[in-house]
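Chain IDs A, B, C, D, E and F follow the sequence of writing; residue 1 opens each chain.
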């Protein structure tokens, strides 16, 4: 196995995709942030009062997805044609799922992963005054469609 | 427990810190990216040939730390006075530790967490052609010093 | 009437446009900044001496148009194929008109509005030392062509 | 009256403030977006369903305030110590008020004006599918405190 | 000879390229940074110890190429499809060559020049503690292909 | 001689400056862009008609100086307290001088060099339709004051 991201001098470069077709592509990434049940409760109480931590996280995820090529050094620029996030609140954790779409020469895995991650970091930021023990985990690619390398579905995915 | 980040209309705002003193602050965050042993091996082989995945990740982490207030909606702007990352390569995972320092009115937890996370995402990007099953996990705050709320050391931390 | 910008959980998302064709699109937006006649006079005197407030405003408008998707959270990214601004100096106000073009899947209304607005704000910034009473007003979309929803011309527009 | 923003060659430059003290400063700017009563109604209906246009506008205003020196060419960089927005919904318009604070060498008028304006543009973006006739107006500085030039309160301000 | 970049009012604008075809384009730019032989030696010694100044410069060049339209006011946005840099170390200077590719409506000369320049500035930054006399020179366009104006090869280029 | 910018693992990091005092600092950098006498003539003719290439370059230099820490990976963030550029038009070249000031913990050499360089690149961009042979050269630090390492004046500088 060898890397495509290094040139002959051993330095990272942006892989050439000039000859690739513009095709429709999607990616879904997910992640989890674990916190104390009281913190979950506080998020839900706040939402009743109309202050929604997850709305802020959602916007951070969407705006972050658009900035991916500015954050990940070798990432190609893409014009996203759709971004959405879903949150599922459990007793001591919140599951985050980000779905990103584009029509372009490269896939949107990094955009989906960046969206999920920045949403998780934003939840951390909004709640850190009351809980510093939160842990972000299970950030992974769930699904990917489009592109020459074919579709991908994470093993064991229901 | 209630949030400091919402105003009376239930909308998120940037918490006022005008009256706070500029003090010296540090934060250490860590994270982990798990991958197949062959992927670890490929990273180490590449390094022998001088192409260092972790150097790219390190730079992404440092540049990302400087962009934190542009990524996390309610985060205050800070001028960082030092950023470094450490990587520890295991058989099927890489531990990432980011340390950030500033002299300012707010802490650098989010900057350290952002640095660790963007380093992990960059490793994912550099290796995704050979391994799509990688998982980023255990992103958490390890230590924090400075500021009125006092120092913080993650429980059970060696 | 209902919004296209909210998902089932009531959170804003970037509307999907994956299936839309890339078509040629234009938008013209206008705005006005009202100021004291002496401030207008100072702008014109300065221009005779070669210091053109409006040239700075024009550049701010063009550079701002390129940043629109980074400023307006749910805005799609676009590659602009032309941006220009026009200024008309009256006795106590300056009319600003911004025209933006692209070939893409979504319209450039927000880019034109952003260009006009940032030009107005830059005029404010350059003149605020001598006049703090300036008011920016009448920022609106004048014309829009291209896209499936058809052309739009502001009612009553000459 | 002459401008401070031009050098001897008639080109705009960033005014020197090296010798100024860091002092506590605030600014309040306001603006208005006028729309059809049905559009106002749609915003309020959506809010009941938890989809809050104004929350998105608020975040755009706060994030935009942090970017002011990147948008207004001659604007100094500042680290904001507080940003909040207030919205007042009328029958056919929404009043926007943005308040920004800092401890620094220059005032935050432009940051407050930028926050109010980007909030208004975001409302436009979220509602433009149902109403293209919206007009943004009355963007002006209401109040300013701190700095050597003294406090400012807009004439006639209640 | 007259400029295409100014409108009838004498203000710079973004030239319209709406009607241009998307074609494959490349550009190569080069530059040189001259320094004391001891500084060259220090760069090479560091590389043996795995700390590669040029790897940091390479990443700065690639990330900078992606930001070109944000740095050069009248530059069109482009989605780059490939970026790489080459360095040639002499006794008292380092030659830098940047190659950029895209499929788009405008050429990538400015992207290649920006990549070479930011790589040179980064070398300066990394070495300035030991050598302040470094000089960056010979930044020029070497080659350009694609687009209606035809290919370009710098005169006298081997 | 050894570098301060690499950690024990041989990876670049942002040097710690936490303990440094905030002091007043200035830097002057200069550069040159050489072009055909006809191109110089065209720039001067255009200026008579009010279209000033150098005004656009000046703004690019100032805005670029503010972005330096986002462009140069290991550069510290600074709040600039003054930026200006000077241009001197010769028969076949334009000299550029950029002066940057701050009150902070690190010097502004990189900011001054970035301002001069981006001004030169912008001149290139504005003139490239009529002259592709332009060369940017002699980019160097002329003077630096403030900071513990003492003042610096380029040897042989008049």
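Brief remarks on what is shown
Operating definition for what follows: contacts are C-beta pairs under 8 Å (C-beta built on N, C-alpha and C of every residue); 3 or more make two chains touch, one makes a residue touch a chain.
If you're wondering where the values come from, they're calculated on a predicted model, not measured in any experiment.
Matching B-F against the pairs in C-F, C-D or A-E identifies A-E as its interface repeat (over half of contact pairs the same by residue number). Across the two candidate interfaces, C-D and C-F, the one carrying more C-beta contacts is C-D.
Chain centres here are Cα averages; for chain A and chain F they lie 37 Å apart. Between the Cα centres of chain A and chain D there is a gap of 30 Å. Here the CA centre of chain A is 16 Å from the CA centre of chain B. Touching two or more other chains at once are residues 9, 11-12, 50, 52, 55-56, 59, 63, 67, 70, 73-74, 78-79 of chain B.
If you check the complex, the residues on chain D that touch chain B are 24, 52, 54-55, 58-59, 62-63, 66-67, 79-87, 101-103. If you check the complex, the residues on chain F that touch chain C are 47, 50, 52, 55-56, 59, 63. Considering their complex, residues 7, 9, 11-18, 20, 69-70, 73-74, 76-79, 104-105 of chain B touch chain D. On the side of chain D, the complex with chain C involves touching residues 1-6, 9-12, 31, 38-39, 41-42, 45-46, 49-53, 56, 59-60, 63-64, 67, 70-75, 109-110, 113-114, 117-118, 120-122, 124-130, 132-141, 144, 152, 154-155.
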